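Note that the chains are named A, B, C and D in the order they appear, and that numbering of residues resets to 1 at the start of each chain.
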């Protein structure tokens, strides 16, 4: 029975990298199932994702051997199991449409994750539309004064449950720079997007007042630069003059739910590689 | 043979407006072909577009009669021919993809317009990809110093040819506040749109550097607020990490061409009504 | 407190209908909140939807008065409450993604409906991904032999709970002509759609084998003409050569869920009028 | 100065192919600029596209060397120049929107092609909306009786001008099986697409009568199976009940033009590989 592995890597581009990487896997007897690469001519960087059947080779031995090769190439890399569900910490506020969407997709086996904790600044009773009965729920209220302490609690929980990914599923709280830095590269946020953009409260009402004809959502990695981290996925939907602010909020729920779910899927399947403030997304 | 008219109007909303307007047309013996209305609950404003067969009634007499009624309602209104091509002044720079798209659509009878003048800050020889031989072309160079004078020339030409609409088909020059005010409500611009937005030069290169996953275009009425006038139409297209800045420019040409053409069509068919800094678009 | 009503009507087109209808409402002291109309030039038919504040007038009295007028116009019409949740019977099989989507939207107040019964040919235990605990569930197994009897049971339940709408939320059973006729105009189905189309089993696998680049879904009223009733809403999504049949099934779930939910919303809000084998959809 | 080459190949999948192919290029001193591969698990086939800088190696020598390797792998392959414009024969009828779009994109340098002949069953005078003055035009009328002869003329012209690609830009004539077979793999057609599909004349009128809510277009390689060859690209657009058949035709022009142009670009850039009746499209 196959237990496939995934190798992802990035490094400065130079001749022969593909040949060397695939040559290494071939010599170890591995069978490539899926492979993608991207040469970023602008930054002269090389990115690769290979899913492969190790065909008996142990993942530890492969990592050891590949590490020797990678060290000579100034390479960021990892070799991980393809099918092991990733341990995920979900953060949510009172708006639970993104959480509902993620949990349903998990329950039917669409998202290879294991929700190891749900954290909210509201009590579980505030989330009335979905069944959380079988999930560990942590109510961590937050105020301006208690924010450092609350964030430390979140970090403690994340460590305790060994969370590999933190999903801000409409958490509605801005992470401190410290918190953002702590979870860098393993924390995904969803926010609304408009043409042109808006800052501040009640964005859908602002969009309505501005008379935009499309609304959208952006899923991105959290960085200290608020709402500006590397973008993983975006989508939009057309609206008309007849759409009220409430209609925009309703349509926004749909777009937010599906854009976040797609970004999470791409991340869980190791399809997203960081390229400075951009991402390389190998969709398969 | 029918020569249909279009009535468009906006006014404060109050009970009975639809009944009164349609009652008036009925009494005059007119046959409604198409009618749309919108009650903006937020601003308590009412908007209506009616295409109708005057059935023998003269448009002048209808205007006279309707004017008496409209005066009592604090109403902005007009009654115009549906099928008469509107006289259009096109402004263009060296990038001629939007111009090419508009002229082709005009030539096959898709856009009910008559191009009465083309104005460019470049000579006709700079526009090498389309046949302009049968169109009046005005080369009006512009520098920082000559801008007031050049804009006066544009106004003079617009007056001389009796232009009803000015289309900035990638004109690449910012109109002065004076010029923007002069053409208010009858000047359409197209510009790129991104999530999030960018200001400044080389927008597609900025979008590439930022790693956005969608690019788009916005067609809007020109106001003194640069690139921020009432939006008529928008559209977007997905891009990936593998799209170079050149790919973005190429895809941008497509989106800009079709968004501008659609906005122009909607305007020419009297389907766009102003609602403060927003628009009401009756698509039919 | 306002309790708005909705008037929908269709009739042969002739001069003065709008004036007469809106004049009637004006005379009764009603305030129009939203109004849309469509003149189908091809079939010479007229369609209208008016949401209005009755301003004290009783709905019974309005119906009586309008009925006298409508009788002279060969008009199909109804006047109904705008905000009263419609009583809905949901039919489902083992695939519960559409059901999950509808129930979540109902629970957060997005869909103005009241699920009065869930019918499945599988036991409640087969639906493992959503919480059905507070909903009346009917397990009605079906075989070729028992189909007439099972369909009679469905009709009996629909009558008992006074269902106004039947939603086939991936029911996976073909209704008999008798059953389709019984629920004509008040039964919505969702099915996959492809370019080009396919008949038969495992459609997503067929689509993969055919190499299509887009998959979609169609929500339509059920008629005796299988999968061919009047279309309410459609949407599609792009796919690539790298999408496996399983990827297509996954994407199909998303499209099916949102297309069905949108069609149900449009129907519940009285925005869909039948026009022969077509529909008029007043989106607002 | 770089004159890049493109290697495309397909063969039965087996371990080590990527390593061997990229190893070969590395040994010859070539620098990979862009590389994509796809393992079709269903058919156990492997597909690859590599754009590379030969770095001084002659393309003839590379072909010779690669041929020895490829022969052992049961491989379909070619090595071609990336930037040399392909010689294209365009076939058109009276509807010239696709032709206009292709020629404009060629003139601004967007499509790497050289139009070596335009063939139409109508005289050049029938194509009134675009400037054909600098292009070799062949008027080849066709009737049921003269079809074999006319098709022979087309083949003769294609041979004489050494056409690498034939584009049916709304040619409106069905190729005979003989002709389709003659141009197999190097002839692209565009046709409308609907959900559900239609056969026969006046498709947009049929779509209107059926009440579909989306219309689309499909670009595909021509095979003897009419309108059913391997699909390269598809796109759709939403329509409403208010769109007349004429509106559908208008929107259809837009979709057809851009879908065909995109398919032609993908083909010219050697991004489309045949996989039975499917295609692998490496978008970059």
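Things worth noting here:
Basically, a residue touches a chain if its C-beta (ideal position, glycine included) is under 8 Å from a C-beta of that chain, and two chains touch if they have at least 3 such contacts.
Since the model is a prediction, treat every value here as computed from it, not as a measurement.
The chain pair from A-C, C-D or B-C that repeats the B-D interface, sharing more than half of its contact pairs by residue number, is A-C. When each chain is reduced to the average of its Cα atoms, C sits farthest from subunit D.
As a whole-number value, the distance joining the C-alpha centres of subunit A and subunit D reads 37 Å. Our note on geometry: subunit A versus subunit B, Cα centroid distance of 41 Å, whole angstroms.
Looking at subunit A, residues 41, 240, 242, 283 sit in touch with two or more other chains.
Interface residues of subunit C facing subunit B in the complex, by the touch rule stated above, are 15-16, 18-19, 22-23, 25-26, 29-37, 39, 41.
The touching residues of subunit A, when paired with subunit C in their complex, are 96-97, 100, 104, 107-108, 110, 128-131, 240, 242-243, 247, 250, 253-254, 258, 283-284. On subunit C, the positions that touch subunit D within their shared complex are 38, 40-42, 193-197, 208-214, 216, 218, 227-228, 230-236, 238, 240-242, 244, 275, 277-281, 283.
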